[in-house]
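Next up: the structures, one after another.
Common to both upcoming complexes is chain A, partnered first by chain B, then by chain C.
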Partner chain A sequence: MGKYDLSLIWPFFLDKLDEIIELSTEHVLVVLISVLLATIFGVSLGLFAWDKPLLRSASIATAGVILTIPSMALLALMIPTFGLGWVPTLIALALYSLLPIVRNTVVGLREVPEAVMESARGMGMSPLRVLLSVQMPIAWPVILTGLRVATQLAIGIASIAAYVAGPGLGVYIFKGLSMLGAKNALNFALTGTVMIIIIALLFDALFILIKRLTTSRGIRG
Partner chain B sequence: MANKTGATIELLNVSKVYPNQPEPAVENFTMTINPGELVMLVGPSGCGKTTTMKMINRIIEPSSGSIKIDGQDILTLDQNQLRRNIGYVIQQIGLFPHMTIAENVAVVPTLLGWSKDKIRARVAEMLELVELDPSVFSNRYPKQLSGGQQQRVGVARALSADPPVMLMDEPFGATDPITRERLQAEFQQLQANIGKTIVFVTHDFEEAIKLGDRIAVLSKRSKIEQFDTPANILANPASEYVASFIGEGAALKRLALMRVDSAVESGNATGPAISRDENLRVALDSVVLNAGRPVPVVGGGRVSIESISAALGIDVSRLGQ
Partner chain C sequence: MTVQATENVSTSYSQPSDRRGGFYTAKRFGTPLLVIAALGGLLLFLYSRGEPDKIEAFALNWDYMLAKIDEHIRISLFSAIVVALIAIPMGIVISRSKSRIVSAVVLGLANVGQATPAVGVIILLALTFGIGWATAVAALVIYGLLPVLRNTITGIAQIDPNITEAARGMGMRPLQVLFKIELPLAVPVILAGFRTALVFSVGVATIATFINAGGLGEVIVVGLKLTRPAVLLTGAIVVSCIALLLDWLAGLAEDALRPKGV
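On to the complex of A and B.
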């Protein structure tokens, strides 16, 4: 392999701009959809399980086990059932995103001080009302942190989706790796990687903004 | 609970056995509390005061016995409806950190479906009642308030829907002594105006004497050792246990509960005059500072060591014989 000339990446980038934008958009989309699915399922599970010791431990443990399955293996396992492309990618990413979401929902709801819980009950709030109008807003920053971690996780793992012909910037990384030594190999891999990092940073900024806008001033750090 | 200025509370043979506990925390507790009365439950830590109190709003479910408020068995009422009619103040306060002070005070009125205008007016009224300026505090958050201010909000929140009954569990226990004295004095003033039926838990006997209409001195398993007015308990403790709870200085504590009025005798005196509304403990202090000589009372008459002792029921002429 010859010495790589970094200055060549810029012409490559301009040349492939349309495709890069398309792949980046796909990447963002696949992350958004899968984290959204995981949020709907994970937060609901957390709201239901937080005060049931057995269910709560089982949920977190299961989500933890899922996260330990190597992503290649999980994606490969899904090919027979879901084929190639978007569907297995979305399902895998949603599954991986579950742990931080479920765990932070449960932890956040349980961390609400006992005195706050007791005075809420003592004033005649129903359990559902306590959950939604007292616990949920107080736990919100913790839950949001879970969503943020889940998103970062999904952004990274999404690049492996190219393995099942999935969408996103993984396509560039895999392409680069498979033609190592060829003229544009590193250009592909590097562009894919840098774009993923940029997307991750943008999402992080977005979460900081959302946190500021949706957290009560009374509990902001 | 139609009577908004106070309800009768009757506890009959109420017991509580916690799961997996060999002994009951409360055993056969029976007590009738009159409308508008402030009853202090006082006793050492772990004797069952909190458990007894929390059965009244069913935060803790009784194991047996019955509890009635204005004749209605509370177990037949909807739990949340019941609680909306009982103000609840706890030592750790438990304000909602994500809500403003105004929103905190508005919680029960909101649950009861009051109109926005009525709630807004009520919140301002409540904050003024506990001496917090609504224009300053309404939009603040709990973390921006001192401990004493937070506890005032706690009281305002408990009173906001004008419940006939209030339960207070060591509400001033976590504040420093100076703040506590202020809160106690304010609360005394407040209760004089609102006349709620209040069950107030404390382990501080001084606080019990200062605030209570009647005091129940409790021992283990919430056994009532004596249930009487502060003056009667101080004058005639029913047992060694009660006497030891009163501790040193019973006479001075009693004097603090009596007005100068009750010890005025005719005659002249020189020295700084004392008001008839003062308590006798302050009067005694003045007499001592006056080298033991009687001091004049504003509006006529005087108080002396003898007249003060007589007011306590002590015959000074027989002392030292």
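On to the complex of A and C.
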């Protein structure tokens, strides 16, 4: 560690505070937008496909293939079509977030006990009504877990996006690498990494809160 | 197919397979067909555009590409094996200990670890220990430890206590219970963790190019820096195919290794 002086990290942090806040905001923003996109698409897909075996397997398998592709490669694949910057980052992150969202929507909707569905139907509810007023509330905690995992994945992968001129704290991590050997290199990389961890943990806590607040009272543990 | 819900990042990649029926199902051939189609399409695209220019020719030749593929697979597999050798025994030891503090600490670390970006880990390691192959392997191992460790612990924890009690009642010693009952029953979950670690390795190995550890990330970076989309696409498609194929092979191994009774 001799090359680097960690005692300087606090002054460094204060000195760069404005920039750190800006990059953190960008990081949060890019994650929020892409997870939102993935949620709109993924939950709709799940709602549509949960009772159609072929479509269900096909969508989960496709989302699985996307998640298996290394993030660096997926970002690279976006570049010829979408150029550099925010757009390829948003699309890549949204694609990565799909799997946990689709899978948990499908699983959540399918896990509703048949007896419950039958009583709902017996009360004269239409299939759409059963889906929206009975299945969705029961499946909600599982879907929310999917969203949480998707967000965690997106926060981590967003840091690589800096390499394709994307936004966020990854910029600091790569800056650290490009300054290898310089006094501030470790400060940059460490600040970027730690801020990303903090953001991820804050989001995790936020999701626990949302789960508490939005889970239907009847099924709260 | 009964899919399970995703609970955390470690289980988001691969889940214990729940294959029923024959070994040779249609699903089994999906991945290889996809890989063949992708590589075939890539080759067709590359050959249809005629002679590569001088810069492209540097990367787009068989010798260079095969060398990079070799580097990439080598580093991914090596780290995945190191991960298995470290994480599975560690998981067993942790699941033996009755102490709640140990498991709380492990789970806490696992949460923070999950939130740590791979680029951050690899670049911080490079800044502290220098760039190169060994550092890259260290980063890959650190990154892959978590899913295998977590799955080993949960795999053992989810076993019906009645089964282990029955085994003890039959006079089995603790080690016999572990090797004959608990581990075989936990194998599907542990292997799912290993598959996740493998997929992680291939992905993180791509980033390892930033610290001069070679691999196919280098091809992507060359394409990016010299603005040669063909080179960039080649690197990205080939590395994706490797990830898919390794995951597929691990899936085969998972089904083959699973005890027959489970």
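Just a few scattered comments:
What we mean here is this: the second predicted complex is superposed on the first by the 218 of 221 C-alpha atoms of A that agree within 3 Å, B and C clash if a C-alpha of one lies under 4 Å from a C-alpha of the other, contacts with A are read in each partner's own complex, and residues count from 1 in each chain.
Please note the rule applied: a contact is a pair of C-beta atoms (placed from the backbone, for glycine too) under 8 Å apart; a residue touches a chain by one contact, two chains touch by 3 or more.
Keep in mind the model is a prediction, meaning the values are calculated, not measured.
For the composite obtained by superposing both complexes on chain A, the positions of chain B and chain C are free of clash and fit together. Of the two partner chains placed around the shared chain by superposition, chain C is the only one that A:192 touches, whereas chain B remains out of contact.
In the superposition on chain A, A:113 contacts chain B only, with no contact to chain C. One of chain B and chain C touches more residues of chain A, and that partner is C.
An angle of 100 degrees, to the nearest 10, separates chain B from chain C at the C-alpha centre of chain A in the overlay.
In the superposition on chain A, A:122 makes contact with chain B only, not with chain C. Contact with chain B, but none with chain C, is seen for A:216 once the two complexes are overlaid on the shared chain. Shortest separation of chain B and chain C in the overlay equals 19 Å (C-alpha atoms, whole Å). Shared contact residues of chain A with chain B and chain C: none. By the touch criterion given at the top, residues 1, 4, 57, 60-61, 65, 67-74, 76-77, 79-80, 99-100, 103-104, 106-108, 111, 142, 145-146, 149, 152-153, 155-157, 159-160, 163-164, 170, 173-174, 176-177, 180, 185-186, 189-190, 192-193, 196-197, 200-201, 204 of chain A touch chain C in their complex. If you check the complex, the residues on chain A that touch chain B are 113-126, 129, 134, 137-138, 216-219. In the complex of the two chains, the chain B residues touching chain A come out as 57, 59, 79-84, 86, 88, 90, 92-100, 107-108, 111, 141-143, 154, 157, 167. Taken together, the chain C residues at the contact with chain A in this complex read 1, 3-9, 12-13, 27, 30-31, 34, 111-112, 114-121, 123-124, 126-128, 131, 199, 202-203, 205-207, 210-211, 216-217, 220, 223-224, 229, 232-233, 235-237, 239-240, 243-244, 247.
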